[in-house]
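In the two complexes that follow, chain A is the common piece, with chain B as its partner first and chain C second.
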Partner chain A sequence: VCTSRFWFNYRHVANTLSVYRSVKRLGIPDSHIVLMLADDMACNPRNPKPATVFSHKNMELNVYGDDVEVDYRSYEVTVENFLRVLTGRIPPSTPRSKRLLSDDRSNILIYMTGHGGNGFLKFQDSEEITNVELADAFEQMWQKRRYNELLFIIDTCQGASMYERFYSPNIMALASSQVGEDSLSHQPDLAIGVHLMDRYTFYVLEFLEEIHPASQTNMNDLFQVCPKSLCVSTPGHRTDLFRRDPEKVLITDFFGSVRKVEITTETLSLERDVAAFESKFPEEELATEPLKYAEQLPVAQIIHQKPKQKDWHPPGGFILGLWALIIMVFFKTYGIKHMKHVF
Partner chain B sequence: AAPVQVQLVVPMTVVFGPGSVPGDLPRPLPFRDVQEMEISVNLRTSVTSRYEMRYRSTTGQEEAALAAATAREADAALHPLQDATLGSLTIYVVPETSSLLPQGIHVYVGKHRSALVRAGGSLAALRARLREVTQVMSFTASSIAAALSHRVPDGQLGPDARRDLKSSLGYEITFSLLNPDPKSHTVDWDIEGAVNRYVKPVLDKLSLVANFSVDSQILYYAMLGVTPRYDKESSSFLLSAHSLPHVINPVEARLGSSAASLYPVLNFLLYVPERSHSPLYIQDKDGAPVRTNAFHSPRWGGIMVYNVEAPASPQASLPLHVDVDMARVMEVFLAQLRLLFGLSREEVPAEFLLEGPGNEGLADWELDHLLWAHTVENIATVSTTLTSLAQLLDKIGNIVIKDDVASEVYRAVASVQSAVTKLSLGHLHAAFQASKEAVTSSERAFFDPSLLHLLYFPDDQKFAIYIPLFLPMAVPILLSLAKIVRETRLRKKEPTKMD
Partner chain C sequence: GRADAGRERRDAFREELLLSPLPTGDVAATFQFRTRWDADLQRGAVSHYRLFPKALGRLVAALGVRELHLALTQGFWRTRYWGQPPLQAPAGAELWVWFQPAVTDVDKAWKELSNILSGIFCASLNFIDSTNTVIPTASFKPLGLANGTDHHLLRYAVLPREVVCTENLTPWKKLLPCGSKAGLAVLLKAERLFHSSYHSQAVHIRPVCRDASCLAVSWELRQTLTVVFDFFSSGQGKKDWSLFKMFSRTLTDTCPLASQSKVYVDISPKNKEKELLEVSPPPTSLHEAVVQGDKKTYAVYDLLSPSLFNTSRSLNVQLKWKRPQDSSEMPIPTLHAQRYVGGYGLQTGEICTLIYNTHPYRAFPVILLETVPWYLRLYVHTLTIITKGKENKPSYIHYQPAQDRRRPHLLEMLIQLPANSVTKITIQFERALLKWTEYPPDPNHGFYVGSSVLSALVPSVIAMKDMDVEQSPLFTSLFPSSDGSSYFVRLYTEPLLVNLPTPDFSMPYNVICLTCTVVAVCYGSFYNLLTRTFHVEEPSRGGLAKRLANVIRKFRGVPPL
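So, the complex of A and B:
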């Protein structure tokens, strides 16, 4: 999730897209990724290299690419939509790609970046999500067993405050900075004119470059990424809610997707050359009259309808009169001589 | 989690054939007996199983049926004479020396809801055998615990738990043919015919459990993500067992499984290897090639590799035409479907002979097995959902509950109570339908979009917002109140002064 918009927050979009690319490279398909971006970078009129988003000064890798699948873009990235995706309380008309269809065996990785403060994260410069709301959303997910284990990574200023309030089991959290510290950006690029990436995400990505789908690196190595000397802020993590020992948790448990597979050793013996099957439960045919095209909309009825009775509203002058009464009472209490100036 | 106490009642009829009645019966036939067993999952969840057994001797027609030559014929003849409601069992006891069952076999389990058991001499031995039969044909403690897996404390579950597909109202099955090398192979598969002939009977039988929809597709140039190794000894290509988990993900992106439905999707893939990688065999952990050349992933689906015979003459023109033997393919896919649903996993004792289900895909008692597990799972899910909904509404007092959400909650409670009652009466089918309704209503109530609570206001924010608004307004009010109090005090003092 990238929670910022506007050109000068280029680095947040680059952060999110780079993590998205790494996760895809390690095997997670688009159908299992919900990407929320303001998506106003690539085609921004201020972008000197249109249709691209770069995360490194050397401009080798265009993280925007050809196959980015953004599920929530622009003004759809709101706190409400984010919480709806997490808790599953989505209107029935939402397409499958915008839903989180996880169950009790799913490991979920949540990566958020943007501007934050002590206990809140700013969404699109107009609203905030607090750490209590986030913790409650995770608890709702746990109640319905919508996750097996959850890894929460946040790269914002004072990021550690966002995971302070979690209380549901099986959550591990990483943040780029402690309360009271700012997360800093990595490198400005003079050609594009903005900072391209944040430090914490940059070093996390360098770490992820060495991971391949079969690697055995564990979470303790991820905690060591970006020490204070490189990052200036102190990254933090929280593992007390997690049931397993972090040393035994593989990076690919969250960033990649390695499925449990079993060899099929049995077959069903079928009689061949069987005739076509007649179902025991034949579908009922509802007898319907054939519909004519012109009868779809009852036009005659609509044209000859009487205008709908509107609800009664008090006349508009009522409000004005009420205020006039209040002002008169006010003047009467405090002195009539002021009233003479009005009339 | 909310306390759940469910009683599962299995009506059983034990019919004694001539010459098989044990000598130490407590009462003359016919009589009834009850055996109860408690399966406790955690502190607040307990499931009691209650087998209501009715012992009687055979009728004339049943005796005639038992005089058949083989157990299968006897079972077929006995089937119309049984009362085969869902969830019930009928056990026919034949004499110890009967030749109906093969040598060394004590129990024959038919493909409906009956079994033939050799008498064990004493009633106790017979009871022990009957218990084994119910473990196979009905439910076991571990299968119930697996259905309630989200309540079992972590660490007590075996690796088998959470493998079977979760209970759902419907499933979508997708058959995909992957042809990575269309230049060399033109593959024809009569999927529609195969679905009509082989898959529909199985799905029809499973239609009691859920709605199924089937679709199929052909994908060209879809490669496996793994390069197989060439093995000189067998001059074939081998896929080792530990590279199999990495095969699925690159393909999944192209499967389009994010189709319109929200039901869980089961993918069955048939992969025809490229000419340069033919023949391709899957190796198991010990290095031996797998006979079915297929593997499956729990809760996802299965993949089968279909090798094309090398053409007789090396100058055969490309592309080769391949007609897929759909029966062989469907044998594997349907077996995988059974494994995904958890139908064929029990450890069956050696003296048991299980009749294969044939083209129907699953025996009646296996269907019962599924219904027991799903009904218990549904009831547990509903009670957890409703409890957590109640806790949520308790915690956040100002959520508005719409009328339809309230009516869904009432309906869910009524349905789940009816399901528990029906289970304790032994009506499995009705209990299952009630539990399905309960799940639908409770999910609709819990996931209603209107229940989203936003705007958490911590106390210091409340101060910051309301004080600048109300403080200036309060100043003249407080001052005039002070003035009134001073004036009344002065008026009270005046009469005393005038005196």
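So, the complex of A and C:
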């Protein structure tokens, strides 16, 4: 989730896209990823190289790529939509790619980046999510059995405050800085003109580039990424709610996905089934007379279009009052005995 | 028997690419991918999809859609300098749909449709609701087979703020039978396509005649992509173009599922002189057609003909100018328009539309459709249409006023444009103040007003013969024309960006701080003054620490505690 808008927050989009890229590379398909980007940097008019988002200066690595699917774009990234995705309380017409279809055997990785403070994260410069709301959302997810284990990574200023309030089991959290510290950005690119990445995510990306789907690296190595000498801020982590020992938790448990493949040596013949299926096409009725295309600009027909029937409205209060006044004045002048002739 | 008929191919896929150099030195590349399926999607349980994408087929069947047109565009087609567009779309996202007469609740189907499409194309089409949907009464007649045009089955919406980027191109490419791996679609690389002046991708689904007798219905899915490469940024200031220069790729093989795969290059002479434009390698054939009322010559490369890849394994079509083209007059299109906002300040304004008819002696009518959001309150009594200094009364006018937060303004007019004239349409509006929760996160960017739509039957310079519609290249087959003396064109004007009076959103915080400080200082002091009581305090003898401190203070010479 990237929560920042505007061109100078390019680095937050680059952060999110680099984690997205690593996760896709390690095997998680797009149907299992919900990507929320609060602003469009790649096709931003200020981007000198359209359709690209770089993470390293001198434009070495384009993290936007050619095969990206953004589920929530620009104005759709709001606190309400984010919490609805997490808890699953989504309007019924939401398409599948925008839902988190997890159950109690799913491991979920949540990565958030943006501008934050002590206890809150700012969404799009207009609203905030607090650590209490986030903790409650995770508790709802736990009650509804929407996750087995959850890894929460946050790269903002004072990020550790966001995981202070968690109380649901099986959550592990990492943050790029402690309370009272700012997370700093890594390096600007002079051609693009903005800072490209944040330090913590830059070193996490370098760490993840060395992981492949069969690596045995565990969480303790992830905790060592970006010490204070490189990051200037002190990354923190929280494992007390997690049931397993972090040393036994593999990185690929959250960042990669394993699909069970069964190899079989039987052969199935499909020829017969397809032919039988296609012969089941219903007989089509042909029209009796040729169908026509509509005329694109039938001037005569348009000019003579019947005006819409005006709906009958009962007379308004003013009209009624006016008529009541007129009738009263009439009967006052000419006498009440005329009334019985009217009725 | 039936089994044999089932084995016939019931669907066909054709792809075309048209390269046309524009008068300003830019080049426009238009891709068109047509998938035609001889099945009736509406009736019967169709569940075996081959070339027709399943996502769209099920959408059409489930929601009772008769026609669907969705376009995502970045940039603006400059009709004045580039000529009539083959198929134009307004900036942002545009969706218009005709539903089947059997659909009872059209609004509900419309909402579901926009949500499903937003998931398929990764676009924020779920923002389409009643505040930006209109029901046009004269524009947007169905482009496919139709046996009645009840306008209550039509919905039209445009989202001018929508951004188009790689995430919209990726699912669009996935709808193609060969994806982006073979055929013409290998040229669709996002990095080159979005570095352009105009990029428009569209999806059109409509029912068409299956054959000349037109007794049965086939469904056609047409995916079009138009991109204009800029002379200065992509062309590096040189007018010579090639496929490699434009797309950084060349064509290597054809899509095995395509029954037709052609590249057309527009080599029509501009000023009735001999050809200036040279194409290499030599084309497989030349094709002449009357497109948009003008005779055009195309050099055709048929990718399925075996002779094309004989000499080299890849095809890189190159366009070179034989002699330097003098900066002669650029041909002016017969119909073009522009629109702008006039006025000053943040209270009132004026929308002005200028429509130009440059035909020397023929007049023709044009339908103008304007959709204005509810927060720009139009004053219809200020609507003026002036042509050549005199007032021009429209033959048909349909105005539906807006309802705050529920419906936008809709203004449709049928205006006769006299020959060689400029028509100016002005209407004044007042800007509304929105509630503070209704502002987007970046309100100082401004608010967009969607493009207005001009539909016209423009008289052709050359009469078009009634030819087989299916065999003609490209877009002449999208707009069915009744006679050859005029052709139908749909133009869009610029979208407008207006600023609404925007409050200062940091104001509540500042006011609270200031007020609380003032209250604390004034009221607090007053309260203290009234309620503080003074008592006399016995001086305590002091503990040990105090006596020690007093001793030290005596040494220092400081008065004791």
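Simple rule for what comes next: the second predicted complex is superposed on the first by the 257 of 343 C-alpha atoms of A that agree within 3 Å, B and C clash if a C-alpha of one lies under 4 Å from a C-alpha of the other, contacts with A are read in each partner's own complex, and residues count from 1 in each chain.
One rule holds in what follows: a residue touches a chain if its C-beta (ideal position, glycine included) is under 8 Å from a C-beta of that chain, and two chains touch if they have at least 3 such contacts.
From a predicted model like this one, the values you see are computed outputs, not experimental measurements.
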{"item": "Which of chain B and chain C A:Glu69 touches, first, second, both or neither", "value": "second"}
{"item": "Touched partner set for A:Glu247, first chain B, second chain C, both or neither", "value": "neither"}
{"item": "First, second, both or neither for A:Arg96, with chain B first and chain C second", "value": "both"}
{"item": "Contacts of A:Asp40 with chain B and chain C, given as first, second, both or neither", "value": "second"}
{"item": "Chain B versus chain C as contact partner of A:Glu60, first or second or both or neither", "value": "neither"}
{"item": "Chain B versus chain C as contact partner of A:Ile303, first or second or both or neither", "value": "second"}
{"item": "Touching both chain C and chain B, counted on chain A across the two superposed complexes", "value": "96-97, 274-275, 277, 279, 281"}
{"item": "For the chain A and chain C complex, residues of the former touching the latter", "value": "5-6, 40, 42-43, 49-52, 64-71, 73-76, 93-98, 124-126, 274-275, 277-279, 281-282, 284, 286-299, 302-303, 305"}
{"item": "Chain B residues within the chain A interface of the complex", "value": "149-150, 154, 162, 166, 193, 196-198, 200-201, 204, 207, 241, 244-246, 248-250, 252-253, 257-260, 262, 282, 284, 290-292, 294-300, 302, 304, 327, 330-332, 334-336, 338-339, 344, 356-359, 361, 384-385, 388, 391-392, 446-449, 451-454, 456, 458"}
{"item": "Contacting residues of chain A [partner chain B, same complex]", "value": "27-31, 79-80, 83-84, 87-91, 96-97, 99, 101, 103-105, 130, 132-133, 136, 140, 143-145, 213-214, 243, 257-272, 274-277, 279-281"}
{"item": "In the complex, chain C residues that touch chain A", "value": "2-3, 5-7, 39-40, 43-44, 48, 74, 111-112, 115-116, 118-120, 122-124, 126-127, 137-138, 141-147, 149, 161, 163-167, 170-171, 189-191, 193-195, 209, 213-217, 365, 367, 395-396, 414, 440-442, 455-457, 479-482, 488, 505"}
